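Listed next: structures, encoded as structure tokens.
You will see subunit A twice below: alongside subunit B first, and alongside subunit C after that.
Presenting the complex of A and B:
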């Protein structure tokens, strides 16, 4: 078994773990999440590995549900973001100079404002909730990938085989579809996967600050911000395990991203 | 048909003229050699004749009209570097299909083996790739071929093989050919007349 096959196996295994968490969370019976005051404030034990909170809710179930919400939000937001990045980057690279200037200015503008501030603003403006967070994350995270795509397009546009393709009578759309987009595909996939951890962390952060998901949703950000009140009362397990799970998920995505990079883009993977 | 370059001058930004007032013409069915040393502007002149570069002064006319901007250019350039004229992410079959349907007799004559068609450019050598960039322009839409140092990287036998296929094709289809080379002997052997790009043409 060579390194390449090992890498692909490791990528598939990681994706499977994430899918299982997402599916368990989505298909979870709502009853598991209900409050039960008979079992409140239990420390982690065999029956409740993550313990229960002050309302007797099973923290493991809440964490898995929260992670699955995060994964879905992250998935939608990073796909939208990456597609936006490719469209805007390609436009900037192929259109006349003034379009490039305007788009460059737009990228600088969005990049110049701290993510979190812009995210809070947008998510608040479009009315909080899952929709608000998704839109907020999607429209703030495309900038760096768009810039990368733009420079790639500018570079490949001057390749001789593209000019030759024009002399063979091919239209700009044919060239875009057959020469430029296939060249961007690895960048797109790597960018997409590496956007994931950002999206999830920002979702949790915005929710933690109270501008994201509503308090009845068991999102990781909500769990963490609620647990803050009980942390000083010695309820350490309320924050520790959900927090660690969030870090673990983020690391899993990071792992997929860097491995895909090694498979698709071996030249740059060594840096 | 007649392809002519009239009073062609060219200079890159902030440099002297690479060449000035060049007049060159090719008729259908004619093989013209363009011979010069390295650095005298052979490749630049080839690109100008095929419409890849705009001359600083002068113009290129095909039957008295400018070269078309859109659609298949009847004047096709075969570039010196095959690895730059072929998309590294395309399979060889798609590279050929980009110019039109594949003529299997022709690619066999030029020395392309059929199992190369499923390979990527990186899996072929420079000489093998060059056969593809030659095969690509040998079709019924091409009226003039500018061959820019196409055989420099090939061994003598392969050179002969490729030139034979090109010359046979050019004669059969009444195509005009400009053979650009630094090799005077090659030019003398295959060309009807030879155009020398000399020192006097330089600015």
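Presenting the complex of A and C:
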């Protein structure tokens, strides 16, 4: 088994873990999430590995549900973001100079505003809730990938085979479809995967600050902000386990991202 | 040159060491002094009065104005006692109130308190457009130096409590910045206000009453968890807290639980949804909560004792009215928890679960509604959740939804809201239930109106006799055939009164506290002038 296959196995294993978490969360029976005041404030034990909170809600169930919400939001938001990035990047790279300048200016503008501030503004403006957070994350995370795609496109455009193709009378659309976009695929996939942890962390942050999801939704940000009130009362487990889980998920995505990069990168592929 | 360099380095080092030592010594002394001193006090309170310390815009409503004094005040049993006033008289028609004030009261800048100042205070408060509601006061005039006369639009016995809650400001020193540096005739003087952090005050040695024994008081504005940490570190003497911290012990401090009428209940829209909207286009009415069987079944079928135990860890008591235990509250409003009765009320009214989904229905309408609450308040969230769990057993589905007050203020006319009130003034009964206040502010979002209830309220307010007015206030709750409480129209489903919890240092005596009103923070300092270190 060479390194490449090992990497692919590792990627598949990680994706499976994430998928399982997402599915368990999505298919979870609502009753598990319900409050039950008879079992409130239980410290972590065998029956409740993450303990319960002040309303007797099982923190493990809440955490898993929260992670799956984060994964879904992250997935939608990063796909939208990545697609936007490729479209804008390609436009900037292939269109006339003035389009490039306008798009370059737009990228600089979005990048210039602190991420979180823009995110809060947008999700507030489009009406909070899951929709607000998704839109907010989607329209703030495309910039760096777009810039990358643009430079890639510019580089490819000047290759000899493109010029040859043009001389042979192929249309711009044909060239775009058959020569440029396939080259962008690795960038797109890596960009997409690496956007994930960003999206998830920003979702948690915005929700933590109270601008994201309503308090009934067991999102990780909500869980963390609620647990803050109980930290000094000694309820350490309310914050610790959900927080660690969030970090773990982010690391898993990071792991996938960097491994895909290695697999797709010809220089590293055989090691 | 080199020698000089080394010498200066050594001098600097020596200085640093000396200064360092000096600082440690100072802090050590400071701490020792604070714990031993009998005339200073540090306390932590959650909320800073944003509008400053101006009684004309609402300062001192809940509790005491501290820096100003009031004409009259309420004692621990809510009886009216004189403060700045020596006595007062009400004319036979109940419209003219004459107060005579004492002649030995001075503001902290040395000026005498006169009837002019009293008239000025109420005149300014009326025009301030703040929460101080003086719309019923037609005019106020200073008859002579120590006599002031109020003329009301219509008789109102509860005006006495409004007077008791309004601190007197000096006419000569009042201005737009008055709230930042108040001058008054109260037992304390404000020395310093670091906005967002603390206020420091000292005893007013020229106070006409008994001068407070604790001379210097610092009030820090911090959240419960910060206050808890500070209390644990021994930095504060009184710390506001809540039931989630109550099982934690702090060495040298007692957990003091003070009875309150800081109540929580459900407002349930009283009108049917007939497509009506208010002037701003907000929907009015709800087809489920407008059914009296639903409201009454909730009131009988929700076990309030369980709410008290589960949600506020036993620090509270069941609530049945907005004024439990007040002289104007009625025992007739109290109902026993009775699940079977609640179910039979629903069944008799035709709410039956036909499709076996656990939710009753009647004429095609499912017994379900949304319950809104302020998402920043964990106690309200827990209470809303606990209520919806109990309602499930009744076959009523309550969907809780935490949101912000600006959203609630648009949707409260057509959806249930978890609200809280509790004032040391029967005027609140008028505000919550009189048809005058339908859809006004947060008072009567249910759009409840009843001629009978209006009549009792009007009579309670217009009689000259305070005792008689109490009887009418009680009839508002239940008069034998109808009323606003569970047995009657059951406009609200009151749930619990939340005790106010404080960590108080063992050797500090905070006197006898009145039943606290809504607003967990300032009421505790209402009798600050009586506090002493043992």
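List of remarks:
The rule is simple: the second predicted complex is superposed on the first by the 265 of 271 C-alpha atoms of A that agree within 3 Å, B and C clash if a C-alpha of one lies under 4 Å from a C-alpha of the other, contacts with A are read in each partner's own complex, and residues count from 1 in each chain.
Following the convention adopted for this analysis, a residue touches a chain if its C-beta (ideal position, glycine included) is under 8 Å from a C-beta of that chain, and two chains touch if they have at least 3 such contacts.
Keep in mind the model is a prediction, meaning the values are calculated, not measured.
Steric overlap between subunit B and subunit C is absent once the structures are superposed on subunit A; the two fit side by side.
After superposition on chain A, the vertex angle at the CA centre of subunit A, spanning the CA centres of subunit B and subunit C, is 150 degrees to the nearest 10. Shared-chain residue A:55: touches subunit C; no touch with subunit B. In the superposed pair of complexes, A:232 makes contact with subunit C only, with no contact to subunit B. In the superposed pair of complexes, A:215 makes contact with subunit C only, with no contact to subunit B. In the superposed model, more residues of subunit A are touched by C than by the other of subunit B and subunit C. Once the two complexes are laid over each other on the shared chain, residue contacts for A:45 go to neither subunit B nor subunit C. When the two structures are aligned on the shared chain, A:26 is found in touch with neither subunit B nor subunit C.
After superposing the two complexes on their shared chain, the closest approach between C-alpha atoms of subunit B and subunit C is 54 Å. Taken together, the two structures place no residue of subunit A in contact with subunit B in one case and with subunit C in the other.
Taken in their complex, subunit C has these residues touching subunit A: 224-226, 228-229, 244-245, 248, 306, 310-311, 375-376, 378, 381-382, 385-386, 389, 400-403.
Contact residues on subunit A toward subunit C in their complex (touch as defined above): 34-37, 40, 54-55, 210, 214-216, 226, 228-234.
In the complex of the two chains, the subunit A residues touching subunit B come out as 159-161, 163-165, 167-170, 178-179, 182-183. Across the complex, subunit B meets subunit A through its residues 50-52, 70-73, 76-77, 79, 81, 84-87, 89-90, 94, 98-99, 136, 141.
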